[in-house]
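Naming follows writing order (A, B and C), and every chain is counted from residue 1.
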Amino acid sequence: MPFIPHTADDIAKMLETIGVDSIDALFDEIPQELMIDGLPDVPAQASEMAVTRLMHERAARDSHDVNFIGAGAYEHHIPAVVWELTTRGEFYSAYTPYQAEASQGTLQVIYEYQTMMAALTGMEVSNASLYDGATALAESALMAVRLNRKSKSKRLLVPSTVSPRYRDTCRSLAGSQELKFELVRFADDSGVVSMDSFKAYDGEDITAVVIQQPNFFGRMEEVHEITNWAHANGALVIAVVNPTSLAVLCPPGEWGDKGADIVCGEGQPLGVPLSSGGPYYGFMTCSKKNVRQMPGRIVGRTVDLDGRSGYTLTLQAREQHIRRSRATSNICTNQGLVVTASTMYMTLLGAEGLARVAGACQSQTGKLVNALSAIDGVRPRFSGPQFHEAVLELDRPVGPVLEQLARRHIIGGFALDGDYPELGNALLVCATETRTDEDIDSYASALRDILAEAKVA
Amino acid sequence: MTEETSIFEKSSKGRRATAQAPLDAQPFDAPDRFLRKKAPLLPEVTELQTVRHFTRLSQKNFSIDTNFYPLGSCTMKYNPRACNTLAMLPGFLGRHPLAPASSGQGYMETMFELQEILKSVTGMEGVSLTPMAGAQGEFAGVAMIRAYHLARGEEHRNEILVPDAAHGTNPATAIMCGCKVVELPTDAEGDVDIDALKKALGPNTAGIMLTNPSTLGVFERHIAEIEKLVHDAGGLLYYDGANLNAILGKVRPGDMGFDVIHMNLHKTFSTPHGGGGPGSGAVGVGKRLLPFMPVPVVGKTDSGFDWLTEKELPQSIGRLSGFMGNAGVLLRAYVYARLLGREGMQRVSEFATLNANYLMARLKEEGFEIAFPTRRASHEFIVTLKSEAKEYGTTATDFAKGLLDHECHSPTVYFPLLVPECLLIEPTETESYEALERFIQAMVDLRRLAETDPDRMHGAPYSTPVRRLDELKAAKSLDLTWHSEATA
Amino acid sequence: MSEVRDDLKYTESHEWVRLNEDGDCIVGITDHAQAALGDLVFVELPEAGSPLTVGDACAVVESVKAASDIYAPITGEVVAVNDQLTDAPELVNEQPYDDGWLFTIRPDDETALGELLEPSDYEEQLDE
């Protein structure tokens, strides 16, 4: 019996001790009319060999394509050490570190993670992580409402350059608590929000302003000016950032005169494979004075009975298992294992390695934009500094072009017509350090062929 | 075990593991105002230092792979290695979440089949895999109940009934969904107090959240009556799947009349707990809630498998994450389900129940007090140490910490809140007779110690990397990040 | 046995109220409550100027493993809060009836104090 250790002798001994004559008798408190006779629709048991073969076949069907999509999830090289060590049984099969004495490994990893995230974002404290970047933004919005006790409106200004998926997630998760997310349009020529769009709200009761840097189009928002404007108007600033970019970009803690109030984002770029969207993790940092309103687990360092340094979960009274209906969030997990991987990734790369990755991403995307824009019918939509993403405009609908590229095993980018119809035939492309010059050349030549063929036809 | 210094203390300026980063990268280029002035404080260490540091840290953990872990309500069963290996095949790891469905048919077929399997084992009409943890599954469930009432023009239905023994996530979730919580008392035998339920039901009832078997480790015997009362009052029933392991393949929440259920795949379907996540909280729904499922869901078309989004499910409660939930966890759950098959799933609940009832019977034999002695244990049960506390002054915490010295992880302590000095014990089906006997012996030894030397009990554990930690200091003088002066 | 002072009024939820000569009411938690909670690590207070209705959850006292709401014993406006507790929550444990006070309310209606428990009633409640 897979994973069941009991021998016939064991079963007999155990039933005798309990005082029943069969395992079925142990279910005698369940109303008999509810009992079912097996699960005919579930496949029969399969051997590890058979399941291995099946999964290899399925995985092989998915693995031939060269990817040029970013849009919130980025393909970076992950050092071999990272998942080799992360999947050690002692990390992999441990529970939440509630029993601190039996969990010092996990707890110290989280403490080191918190230190690294605080350093990257330029803030004082970090939690132990949330589910993903999108939910981290929703939790940040709720936290901002708790923090900004002067504001009564629960109104948040959200530029449309914030990831559309993040905005959707905020509405699903925070909408039922009467938060209002008001969309601020970006300027058509620059792909960033102009200060004038914010100034239209001068003097109004705004709880918080969300800024994504770099924004969904890979462009840089004027974070200092926006932050100062928000603070002057009594609003808090929630920063949504890409952690790789923070090796080189100004950390939110230094935005404007006072810095952002809450920082969150997607942790996936730090050593987590794309894997169809998860498990990833969301990070969240803030200043020490606001830590009690931060949701999620937090690890602190303290001493034991013998005075030795040790680590434990702290500030637990904010959490659902103690505060129940008055907790800061219903969240109960962090993405512990994924955070373990990220901590190793940041350790291996260090500040300089991460800065090199950021530089390589920027230059590869630059090369990609140049190569594709050289083709007739393709032009960059915005100009100016970008990180590892850029918007291109095609002279025809994007969908069919992407389909043809997919047939040549190129995932050519993310079509923007669904989320941003105002941009016309727009395509969001991305090249990280993992895309070689050859990858870029073959994308360019495939696209040239496809666009030319269509013209001939 | 010696203290492991932090990775920052191992750092030396200029030391790098440079094989890991691109060598010929161009420096980043942007106007000055966008740039960082000072590099962030990340460690500068070699690959070998990294490997030693994290390997040594891992050795400071208890884990299922190294210890018996009878943590009630958490289902700490063996996590088969094949599940991990097969979820980490390059084809699965490399797929971008926004890549077209046509280039992810292997993954999507797997997800579609997982949805079907979970429908069958729960008796529900539809399954969405997107919630990323139990608490998010709960959120999805209550949000669907709320959406259902709103769609019927019954906006006033905003009261969620929650038994007092429930997990803390239940009331916290109800609040997140903009509902009010009405707490229900439990009767002396561990069932929901039916009279109190009747009083609590009314025109504002949105629904009830139930765990069955309950967190008290017993099956809710009045479930049929509760179902009728709640539905007659116009409310819906939510099944918290925390304890699904106890009834897998025996009873289905759908047959009990529940309208929505969340499953903790990291419990019942043996995906790893990972030191506190990632979990996965797939939801199953009955007919009434089918239109409201969170998106995306995998659908089957003539040409293969495709995502169903708000276009196909316009009444959906929407998206709960950036992409589609914890895909890698779902792959592990699928592999586990296939390895067990329909036969193996029934064995899960049978042997989980056998182990729990055996352990309960033996501890009773050894003189420990069982909280609900007249009841059959489900997959878990409660021992109350209130007489040990009274006679020797040793608490449930003392026993929990003492067990660590016997290389057993502690059971869940002080939950549920209703039972004083309680240990909630869940052995799971993957533990052997011998492992259970070792645990019983440890409990007997500890009680003898409590009798003879209670002070030694208060000081336990002695053999772990650290002893009891000063939690008051941790909470009052917050030290949440490493600073160079912190070592001074 | 925990201390119950004769010159105060009490609530069933373990708050005490002291009527000042100027008509304002000082609110704190009882010796029994602080002992049951254990060492406090944090106190969250209402903002001065905020209106309270009797029964409102208006402050939180937090120990390592528990957090308890403090309920407004009477209806009125918060006129002062004990800022010392921000850095020294242990004052609530050490001097629950003196330096460990939480906040002061200016009652809308002074006669509402009559609804509160007398020391002897509160002591009786503790004995139960």
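Just so we're on the same page, a residue touches a chain if its C-beta (ideal position, glycine included) is under 8 Å from a C-beta of that chain, and two chains touch if they have at least 3 such contacts.
As the structure is a computational prediction, the values presented were derived from the model and not from experiment.
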Contact-richer chain pair [B-C vs A-B]: A-B
Central subunit by CA centre of mass proxy: B
Subunit A and subunit C, separation of their C-alpha mean positions in angstrom: 43
Approximate Å spacing (C-alpha centroids) for the pair subunit B, subunit C: 38
Geometric centre distance via CA averages, subunit B-subunit A, whole Å: 21
Multi-chain contact sites of subunit A, meaning residues that touch two or more partners: 322-323, 326
For subunit B, residues contacting two or more additional chains: 471, 474-475
Junction residues of subunit C - those touching two or more other chains: 41-42, 64-65
Residue ranges of subunit A touching subunit C (in the complex, touch as defined): 149, 292, 316-318, 322-323, 326
Residue ranges of subunit C in contact with subunit B within the complex: 39, 41-42, 64-65, 89
Interface residues, subunit C side, partner subunit A - complex: 41-42, 44, 47, 57, 62-67, 69
Parts of subunit B lying in touch with subunit C, wherever the complex brings them together: 471-472, 474-476
